[in-house]
Amino acid sequence: MADLATRPPLLHVARSRLRLRPGQTGVVIAGLVLLTTVAGSLLAPLVWPLDQSAVALDQTRLAPSWTHLAGTDDLGRDVAHRAVYGLRVSLLVGAVAALVATVLGGVVGGIAGTLGGRVDRILMRIVDTIAAMPHLLLGIFIVAMLRPSLGAVIASVGLTHWLSTARIVRSEVLSLRNRPFIDAAISGGAGRLRVLTRHLLPHVLPRLALATTLMIPHAVWHETALSFLGLGLPPHLASLGNMINDGQGSLLTGAWWASLAPGAVIVVVTFAIAVLAARWRDRFDPRVRAELHL
Amino acid sequence: MTRMRPTVRRFAASTAAAGMLVLAGCSAPATPDGSAGGTTLVVATSDEPDALNPVLNYGVDGASLIFDGLVSRDADNRLVASLATALPELSPDGRTVTAKLRDGVQFHDGTTLTAPDVVFTYQAVLDPRVDSTLRSDLDMVESVTAPDAATVVFRLRYPYAPFLQRLTLGIVPARLLSGQDINTAGFNRKPVGTGPYKVESWTPGDRLVLTANESYFAGRPKNNRVVVAFVADDNVRAQRMRAGEFDAAELPPKLASGFDADAAYRVQRVPTADYRGVMLPTGNPVLADPAVRRALNLAVDRAAMVSGILGGAGEPAFGPIPPTSEFTDASIIGKPTADPTAAGALLDAAGWTPGPGGIRVKDGRPARFTLMYPASDTLRKDLALAVTADAKKIGIGVTPAGLTWDAIDPRMRSDALLMGYGTPYDPDFVSYKLFSSQFAGQGYFNPGSYRSEVTDRALQQGRDQIDPNLRRAAYARFQKQLAADVPWLFLTYLRHTYVLKSSVRGVAPRVEAHEHGVANSLWWNIDTWTRS
Amino acid sequence: MTTTESVPAPASARAATSRPLLAVDGLGVEFRLRDARVRAVTDLHLTVRAGELLAVVGESGCGKSVLAHALLGLLPGNATTTGHAVLHESDGEPVDLITCGQRQLARRVRGRLVGLVPQSPATALNPVRTGRRLLAETLRAHGRDRADADQLAVDVGLDPADLDRYPHELSGGMAQRLVTALALAPDPALLIADEPTTGLDRPLVDHTLDLLRRRCDNGAAVVLITHDLAAARRVADTVAVMYASRVVEHRDTDELFTAPTHPYASALLDALPDRAFRPVPGDPPMLTALPPGCAFAPRCPHRTDTCAHPPEPTPVAGGGTVACHHPIRTGANP
Amino acid sequence: MTRSGRLAGARAVLRRRLLVAVPVLAATSVGMFALGAASPVDPAKQYAGAAAFTASEENLAQLRANWGVDDPVPVQYLRWIGNLVRGDLGWSTSRHEPVASVLAARAGWTLLLIGVALALALVGSLLLGSLAAYRRGGLFDRALRAGAYAVQSMPVFWLGLAAIAVFALALGWLPAGGLTDVTATGTSWGDVAHHLILPVGVLAVSQAPWFVLFVRDAVAESMRDDHVLAARARGLPGRTVLFGHALRTALLPFLTLVGTHLPELVGGAVLVETVFSLPGLGAVTVAAALGSDFPLLAAITLATTAVVLAANLATDLAYAAADPRVRLDG
């Protein structure tokens, strides 16, 4: 039993995921779409380099064609090309920000869960209160105080998105604390820090990895919203939010395509992640299994 | 009403006018609403003032609709008397200015304007406790006094040629403001002036509603109400213009051009003194080399910027004094298109040789610099990118950086910045502070620390001399020196673009300044506008 | 299954003469799970006559409750049903409960024709409604006066004042009586009572059983699903023993209790405290992995190679059926 | 439990929540002020605004002295929080008017937008979610779920742009922005309603997926609850079973979800107001952020937090009122 308990759950997850059944075509498509878009945008500098500050003032606002699959924008830049890089920029910012949030949430949740008692209560009250602050408003406040920049956007996402991670880690640590092998370690004379790093961390890490991954789309959204408001990345950078913001002006002059491609990229990637996450939840949600009333 | 066909509207208007005649003959004046002279005009702008108080920078160049200055400007931007009976006289030593006030001018609340009101207004600007940023513009004023109720005397510290141009500042009633904290006074939201319109209401972020001042000293406005709609978003403004909500709206050139083909609208592209350029700081090791600055000046394609970014609504710029000004010097005007060959030759001669990645190198230093632009300004972003692309063609690497003003602030000594300025009224106004070594490194005035004795002398002469011919000569020297030193890379003069309904009559565009909004826009004379 | 007509129902002494009310014919229920199929009811044949009290007995997990839900069309979406269960209403068309569709079931059948006393009353009551509101709602839905609620409460042995309490304020026994009252409110022709005596003390068990018996004596039919053999013996006319989704023996109560023919029925009786008090050896099979032949074979002392084939229900002398290759002969085991 | 007893319990919960919320809010305000103080932004320049370009150094120094921005940070904090407690929210440097009057002029419109959109999203999602759950796995259920996931993937500002492109520009049915017809002399409710259709619709649609999916799952699950099956077995009409029993019990956790989802809704409102140029808090928030207007931003953030906390408390109390099982001991 102890053996089973110490095995990281992610392994089970991975093993059972590989078996595919007919009803899972949607999942397969979503996975493939996600894989190609993400890999494509990450590898883009190798195959399709982009000069972020290039303009072509003689090719402005061309409708989609075979040379410009998604048309060109107000400054004659290829929308499809920039959308690929927009996703890349947004994903990188999202990933770093999600990592920051995870570390922050992990530390707070870990401290709350390990120390327990009053510290736990106070920390969780703070988490509850910050959860009541509208993410976007708090994010805007942080960006405004740090001045809009790449670092500010990452800080803005990181400082607003760590709450769920803190809660996950705390509850995980709390449940682990009651397991016999932790008791054994403590009675064996191991220090608190040692127990935390040697025994608790390996258990919590898989959950953290999953939480970080699922946070990336949220981080991308946050970045996109800030950029759209003109509070995010420098506006000449091809990020998805900047592109939609730029495209807003083109909409009225008839160049609807300028905001279509970046928006579609967000929708497709988020949708794919949502499909995967929903299936994931269905798989591991005990409620679904309880459907059989015998 | 707004969607009514012209013929129907004309019919309705003429019937109403006929009715008016009959009524006017036999009874007291009827309600003017709906009558021929009683239209409501709606104009839209993105720039909402912070406070409607001339002391706090509202409409300081006149044409503020609510206030009048001692003088104002006509359609050709020539000074004419306004609250003063005639253009004030400058004393022979150039240090005393006396203005006689017009008789019986009333504020909107019915009180009479007297000289102490004028004195109060100027003293409020000069009062250090008042957060007025105009103070530095009136630096030369030593004292303002009112020897009698109809006379105002300005005493200057030093002779200042264009001082009369500073007398456009709107006059506020002393009675309503004395003894108050002007910074936070309720007056700033609901002001009282002498101008053609009274403030009926102001909903911040939405609209300012003005009603005609029946007893305006220069004659009652030809319309009854003016609504200034504040619509920050260009696209929404264009959409609402299209929906017929506005009689006139300022729009970015590209959006305005969408109305060109429609006979129901008229697009006005108004010449301005509003220029955009790149400030090249001498504190940057690459930009300190005059050869690099001159090469950039040759390499930028101003014609492409005008057509590609401004949609044709602009002119190439080569100096800070607009072509419309009598002080402009034609000899500095260069080729509107790029000349990368000449630029390359300049760089070669100066020892900037092609290096790795297509970027030139001199003494191991790559030709790279950062070009900052205010992130919220799309036009400046576009221009910055165009400069970046042009510079790349001659082997100069530019890194654009979109920042907020307070992030730009500490970096202006060493990083290039896309700036915009310009006023058509007098060449001294902006240029003196922008290019005089006195102001080197002082805030936004001469952030690049440009220093040239020739320029300094020319600017000082332009300010000291009263004789227009001597001034013209001084400013010619000034412009030539700038063209040789290239402390700024002048790119374009904008044309402010407005869309009007074709039915609007009485519009008289005049050369506009960088700053324009409720005041000092195309509707500077809206009190004479009518609808056909 | 072609044997339907040939299988005689046990001739109950008490209800022998009345007409059949419900005829279940080859009923099968199967659940699709993500990685398995579960056969909860297999090839089930039963008849219930008006005035008859049929007890369905078996260990938990043998498919008793699924049978109840299947007859009311309340199975979840992943269930598939086969076969028929025809209800002969005294004045109206016969309805096939399995094939008639949700609309018919909702309009005609549930409550009015077939009532259900659900298992585990604690969860079967809407937590945010008082008993009175639930009763009133049910009475109204069936065109009865809401004032009848008090009488119904008295009938099931509940103090009418307790109707104003919320479910979480009721004891287990009170909740049990409330759900019984709710099922009786529409006065159904057939009442299915799923473990109605769980959690009740002895006098209340007797009270409830008497109540059910009285309904039968007044001409209604009752299917009592229970694992309480003593209760079944006390009130039932006939008893159906279920094992691993099948009815293995269906006979007159007295005959079954005196001479069980199926080895499982016999073993169940032996487990009674007033008999050998010997539990059935071994564990019941998982419904996901039923053996191809007789499901009881692995636990059966009489099994042979033929038990690898599924046994068909066959008539027993004296009425009723048994599904066994090696039934225990009457008198062979005195 | 008696009604008066429950009321007393509610009062106790209220007191305990306030005892916790006030110090935590105070701590949050310290954090926000520290961030503001550490910010490299010069408030004097913020105050001068565009005029800072032509203002001299002494000019700015005077502005600094006028606003006391050179005092030590704790002094400034105490002054700020003291004023806050006394109801003086400070002076907005980006709007050049008291923060309180900015909030007073604009909060109403934002609340209206959020309130109507929330009501719409709730009613719509309860209806659609329940229907989907009733015919679980059916065509409607599948279409609704796919639609919900798709809408969930669309950034609200993109949805807003699409709505403008279709309904305002292509079809010309509805205004693209603003709150009232500009020539209108007053605020006519019909006019406002006409202008709010698109923004409210977009906000409601963008927020609805969470609610729809939750209701659908909760009701679907609740349809399998013993007591709902029992209600069906009693022969109650489908509508009664769905809305009176299945939805009723699924609603209870839904209340909590609405409470926790409010911050999300506020963020959505900021974006929608920006897209449709509504004169609510969203537009000033963005302008304040661009102008690093600390007093206004801090006030808006703290005020919305307080409102959300209050709303959470209200939903918890509503939960307790709706569910007789919940005891209000905190």
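Letters A, B, C and D mark the chains in the order given here, with residues in each chain numbered from 1 onward.
One rule holds in what follows: a residue touches a chain if its C-beta (ideal position, glycine included) is under 8 Å from a C-beta of that chain, and two chains touch if they have at least 3 such contacts.
Here the structure is a predicted model, which is why all the values come from computation and not from measurement.
Between subunit B and subunit C, the least number of touching-chain steps is 2.
Of all chains, the one whose CA centroid is most distant from that of subunit D is C.
More inter-chain C-beta contacts link the pair A-D than the other of B-D and A-D. Central chain by Cα centroid: D, whose mean Cα position is closest to the mean of all protein Cα atoms. Work out the mean CA point of subunit B and of subunit D, and you get 40 Å between them. Mean C-alpha position of subunit A lies 23 Å from that of subunit D.
The centroid of the Cα atoms in subunit A and the matching centroid in subunit B are 46 Å apart. Computed centre separation for the pair subunit A/subunit C is 53 angstrom, with centres defined by C-alpha atoms.
Among all residues of subunit B, those that touch two or more other chains are 235, 239, 376, 404, 406-407. Residue positions of subunit C with contacts to 2 or more other chains are 69, 76.
Taken residue by residue, subunit A touches two or more other chains at 147, 230, 248, 251-252, 291, 293, whereas all remaining positions touch fewer. By the touch criterion stated above, subunit D contacts subunit A in their complex at residues 20-21, 24-25, 27-28, 32, 35-36, 38-41, 149-150, 152-155, 157-158, 161-162, 164-165, 169, 221, 224, 260, 262-264, 266-268, 270-271, 274-275, 285-286, 288-290, 292-294, 297-298, 300-301, 304-305, 308-309, 312.
Contacts from subunit C toward subunit D in the complex involve residues 69, 72, 74, 76-77, 106, 109-112, 115-116, 118-120, 123-128, 137-138, 141-142, 166, 168-169, 179, 182-183, 185-186. The part of subunit D that touches subunit C in the complex is made up of residues 136-137, 224-238, 240, 244-245, 248-249, 252, 322-325.
On subunit A, the positions that touch subunit B within their shared complex are 53-55, 57-58, 60, 74-76, 147-149, 230, 234-237, 246, 248-249, 251-254.
Contacts from subunit D toward subunit B in the complex involve residues 40-42, 45-57, 59-60, 62-63, 66, 91, 95-98, 102, 105-106, 164, 168-169, 175-183, 185, 274, 276-277, 279, 283-284, 287, 290, 292.
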